[in-house]
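Everything on this sheet refers to the single structure shown next.
For clarity, chains are labelled A, B, C and D in written order, and residue numbers in each chain start from 1.
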Amino acid sequence: MIKVGIIGGAGYTAGELCRLLLNHPQVEIRFINSSSNAGNKITDVHAGLYGETDLVFTDELPFDEVDVIFFCFGHGKSAEFLSEHKIPERVKIIDLAQDFRLAAPGNDYVYGLPELNRSQICSAAHVANPGCFATCIQLGLLPLAAAGLLKNDVSVNAITGSTGAGVKPAATTHFSWRMGNMSIYKAFNHQHVPEIKQSLMQLQPDFVNEIDFIPYRGDFARGIFCTSVVRVDECTDTEYFVNLYKEYYKDCAFTHYADKAIDMKQVVNTNKALVHVDKFGSKLLVTSTIDNLLKGASGQAVQNMNLMFGLEETLGLKLKPSAF
Amino acid sequence: MIKVGIIGGAGYTAGELCRLLLNHPQVEIRFINSSSNAGNKITDVHAGLYGETDLVFTDELPFDEVDVIFFCFGHGKSAEFLSEHKIPERVKIIDLAQDFRLAAPGNDYVYGLPELNRSQICSAAHVANPGCFATCIQLGLLPLAAAGLLKNDVSVNAITGSTGAGVKPAATTHFSWRMGNMSIYKAFNHQHVPEIKQSLMQLQPDFVNEIDFIPYRGDFARGIFCTSVVRVDECTDTEYFVNLYKEYYKDCAFTHYADKAIDMKQVVNTNKALVHVDKFGSKLLVTSTIDNLLKGASGQAVQNMNLMFGLEETLGLKLKPSAF
Amino acid sequence: MIKVGIIGGAGYTAGELCRLLLNHPQVEIRFINSSSNAGNKITDVHAGLYGETDLVFTDELPFDEVDVIFFCFGHGKSAEFLSEHKIPERVKIIDLAQDFRLAAPGNDYVYGLPELNRSQICSAAHVANPGCFATCIQLGLLPLAAAGLLKNDVSVNAITGSTGAGVKPAATTHFSWRMGNMSIYKAFNHQHVPEIKQSLMQLQPDFVNEIDFIPYRGDFARGIFCTSVVRVDECTDTEYFVNLYKEYYKDCAFTHYADKAIDMKQVVNTNKALVHVDKFGSKLLVTSTIDNLLKGASGQAVQNMNLMFGLEETLGLKLKPSAF
Amino acid sequence: MIKVGIIGGAGYTAGELCRLLLNHPQVEIRFINSSSNAGNKITDVHAGLYGETDLVFTDELPFDEVDVIFFCFGHGKSAEFLSEHKIPERVKIIDLAQDFRLAAPGNDYVYGLPELNRSQICSAAHVANPGCFATCIQLGLLPLAAAGLLKNDVSVNAITGSTGAGVKPAATTHFSWRMGNMSIYKAFNHQHVPEIKQSLMQLQPDFVNEIDFIPYRGDFARGIFCTSVVRVDECTDTEYFVNLYKEYYKDCAFTHYADKAIDMKQVVNTNKALVHVDKFGSKLLVTSTIDNLLKGASGQAVQNMNLMFGLEETLGLKLKPSAF
């Protein structure tokens, strides 16, 4: 059994981690740290766990009892935490925040996108779990980068659920405002673009173009649906691209090329990603979709944990789709 | 032109008042007081007004410029405000909070439910606008009380939209939690029950039973849908009750008896109420529905203003239903 | 491995069965019969299964290859099917329709509510799976019936998701109509009342009262939320009832008494039921909630299958809650 | 009073026309033709009209009683209808379908986008009302075309509500499927692109590029939200474009440039359009939003009627925004 500690345990990604790990056959949760909730039952904070656990939040950090720690902090706090606490070397770390996603001198975190870095993850001690939008967008573009086909700016439009905005209530997550509404934010400036570019350049070192990403606030709680438009050679037929994607993802546990048009609820409440391509003249339209809390966060974190500990990649992640 | 002042102008009911009064042919809004928003455009706070007004919030209270004031405070603050400010006697007041809804020594506010107190409202200087749930529930029960037919406890279940909970974000109005969710609150203890009982006793002085009211948080922004079950004489046929309701509401501008089963979106974004009855043995099932921000708050306030100033009751209130 | 056949495979309950059984560690799906879809992939019809199965619908009925058959017909067609087909005696049957839920001469189907009939289900060859509303309402009332405390008519209000109305598009499941809407149907006349009464009388033979059930169409896809009001002795304290419920459900795998107020999304996408009680004078308010497609249909069917085959009751049913 | 006839009266656009025209101070509805509903009350078909009208559908076509006819047919049927019926020359026609939107020999219909063709509409006998997506996209691009600044392909992503798909229930408007879901359709192939190009070429005759339009099915009933990305000169500052838009729309009754980021519910249930621009390097991002049934269909049709009959443009169209 892998002994797990979760730090920053009161947010959405920590809750989803608990919901996953409580049913994981090879995991034992040893502690869930949340100073603001210390002493409270996790069932009081994380919906859906009633009757499944008696776990209580703690403000302690018994690092010596665990094999792996998940950081579920807000962005920017992981580095701060590490500077203030000494974590034993044998304890692996999976950071769900963005602090270590970008390569930098002294940063030994592997970027935890299995569709890109599977073998490095398998031997990693520290993994930086990708962002939710970043995951969905990359899964739409990786096969093209691997074939060196990204030669122009890419137009990306992606819409996310309200859980992407976190548990803290705000004007844009007020039900009265968001229900039946549509808006954009951080257009051309979203913080996930650098990690996307880094991955594309890893596969296609001459990639120098822009990812023109427009994020939308969706009128739903879970999921990301993304369209990417890429200029390609008009003479190459669609079949070529379909095969490129099928080949790239053929051994992936959770990412599948779909022969038909996709919709978001096909993956909601699963760790799966679906990708589909169509071609119109010289424009390749790629649609990709994930659950932002699963493949876009906690599910991918568990997938990375499975790989880091030599377990079967899908363990604890064969989730019934909600479908409706 | 009636000159209007709005106090407590940043909340949902004040916003809806603005949206109504800007199109009211006999009204001029003179000031919208909100100390926290003083200097800001009302279009920055109240959605939907872009291009319709240049009004700016003020922290001043030029009572001498207006004919009527609407209080859009949170509950409990109207009385406090009145104790701290001297309002000229000639200025009429319509209070949307609950402070003056219950009769009490020294309380000269008329309870502003036109279906109950139309003539008193017409000559009132001060009106206490009814609560949203209270309006919907009473419209389902008034004809029975008028006929003296409320002889047992009444089972009331009513579901309201998220705008009923106000503009301040909270856990239960977080989109992630509320979307696709269902829950109850304040069962058997809702603060609107006393004003409902007061009205029923006004019509049926021997009414001594309970209103067993279960309020639900609905997965929508606007509207209230209510079912009330009343024990009646098993031998009286349905037709009798249908006629009772038709007769009671036959001269009402906004409340209609519907021959067919009703649904909530028939009235959303209008000042209308629909009522329908069915009978099953000795149980009379009454369904009633309103828009909580209109007939349940600001729309009814404007209706009361029209009556108080001798205008046509429907002026400024012939609203296109949203329907979808 | 238990070999399974599904008949009537194109509807919502069949889809949910597939989503469950594909991940069930002791089940092999041998055939999914749907004459209208014969030859099509089940991934083309049932959302969420892409990448998990290559199963194809068949119009054949190889009864000799299976150990158990699930009937997912519309109501009324199971009996018709049985009259036209000879199913080997050794093949167990779980009928999700209502055809055999009521005891009748010659009806050897056990009513498949484990919280009521667990031991009979364990030895049953044929099980009639309860209705969705019926499950949720009964779970709110069984402990009272077991204690002989149902002495008056019970007021039940329950709201269901659009999946309760089936896959066939209709006016009341059109998104434009249903979104943000609220309405009732079949009030006091719902077809699930007889099976509820039958169960209550099984536990409390002198139960002769009415279940005054008002069903609501909810503005969500999955879930049922139910309130039941029961008259009880005013002098008995709440604690007594809390203990009654805790005791009744203490050994149940999926039904839990919740100490706090409950909301529907706590159980959505799980096979769990949550029940909570409050007391106001002589009125006991019971809230109960389930996922209509899981504990209210396909999940309970798998739970029954587990019991009928001597498997652990929760096998294949430890589902991650969607929570959001 | 303008006497109006509506043909094809059972669909969404006809319903919205009725909801508008019943409150229009200068209009009298003379007939609403729907052969399938002849004899039924329009309140039985069109939600929200209870208590406002006794109108009944007719299967007759008393052209001599009306001044103007609205065609609310499905696309392709207007031309067919005209070939089968003789409409008096003095009767004006406003066609909400797409049959006459594209210029062609013998087509005397003016394209009814007031922001483009106001003066021609004022003197037109026949108007082809623009498509909903077409309206929203054009309002985002017209000022650029007027300035001759469309020099490259334009990336357009726009999301529409379920009412855009019509009243007939279908798999993609089933509530269970659409709620919380996201998908695209007719990408790069939508039928509104030709009318958009026609308008852009009217203002910028050298426009030869593509409108790469990806339409999304939204999880809401009303509204369209659109983003358009246009390559512009990197050295021109944002202020230039802001002024371009403000100048272009300065006299428009319903289309406004918004200084701040916009969201869709600001215009839902109104005839307004909001437009906003941001610039990122050489990319101009235009957001535009309308209500698909109002400015995108029936509201614009009434606006055109007002212009054709010399009425004030906003008559009957000062609608309270739903806001929530």
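One rule holds for everything that comes next: a residue touches a chain if its C-beta (ideal position, glycine included) is under 8 Å from a C-beta of that chain, and two chains touch if they have at least 3 such contacts.
All figures in this text were calculated on a predicted structure; none of them were measured in a lab.
Asks: Can you list every chain that touches chain C and also touches chain D?
Replies: Under the touch definition, chain C and chain D have A, B as mutual neighbours.
Asks: A-B or A-C: which has the larger count of contacting C-beta pairs?
Replies: A-C
Asks: Compare the CA centroid of chain C with every other chain's and tell me the farthest one.
Replies: D
Asks: Distance from the CA centroid of chain B to that of chain C, rounded to the nearest Å?
Replies: 39
Asks: Taking the mean of the C-alpha atoms as each chain's centre, how many Å separate chain A from chain B?
Replies: 46
Asks: Between chain A and chain C, what distance separates the C-alpha centroids? Give it in angstrom.
Replies: 34
Asks: Give me the residues of chain A that touch two or more other chains.
Replies: Residues 12, 47, 161-163, 176-177, 179-180, 220-222, 262-263, 265, 268, 324 of chain A each touch two or more of the other chains.
Asks: Which residues of chain D touch chain B in the complex?
Replies: It is residues 12, 15-16, 19-20, 23, 44, 46-51, 161-163, 179-180, 221-222, 254, 256, 258, 260, 262-263, 265-270, 272, 274, 293, 318-324 of chain D that touch chain B.
Asks: Which of the residues in chain B come into contact with chain C in the complex?
Replies: Touching chain C from chain B are residues 155, 157, 159, 161, 176-177, 179-185, 187-189, 210, 212, 214, 216, 218-223, 225, 227, 229, 261-265, 268, 278, 280-281, 283, 285, 287, 289, 324.
Asks: Name, in rising order, each residue of chain A that touches chain B in their complex.
Replies: Of all residues in chain A, those touching chain B are 12, 47, 161-163, 165, 167, 169-171, 173-180, 220-221.
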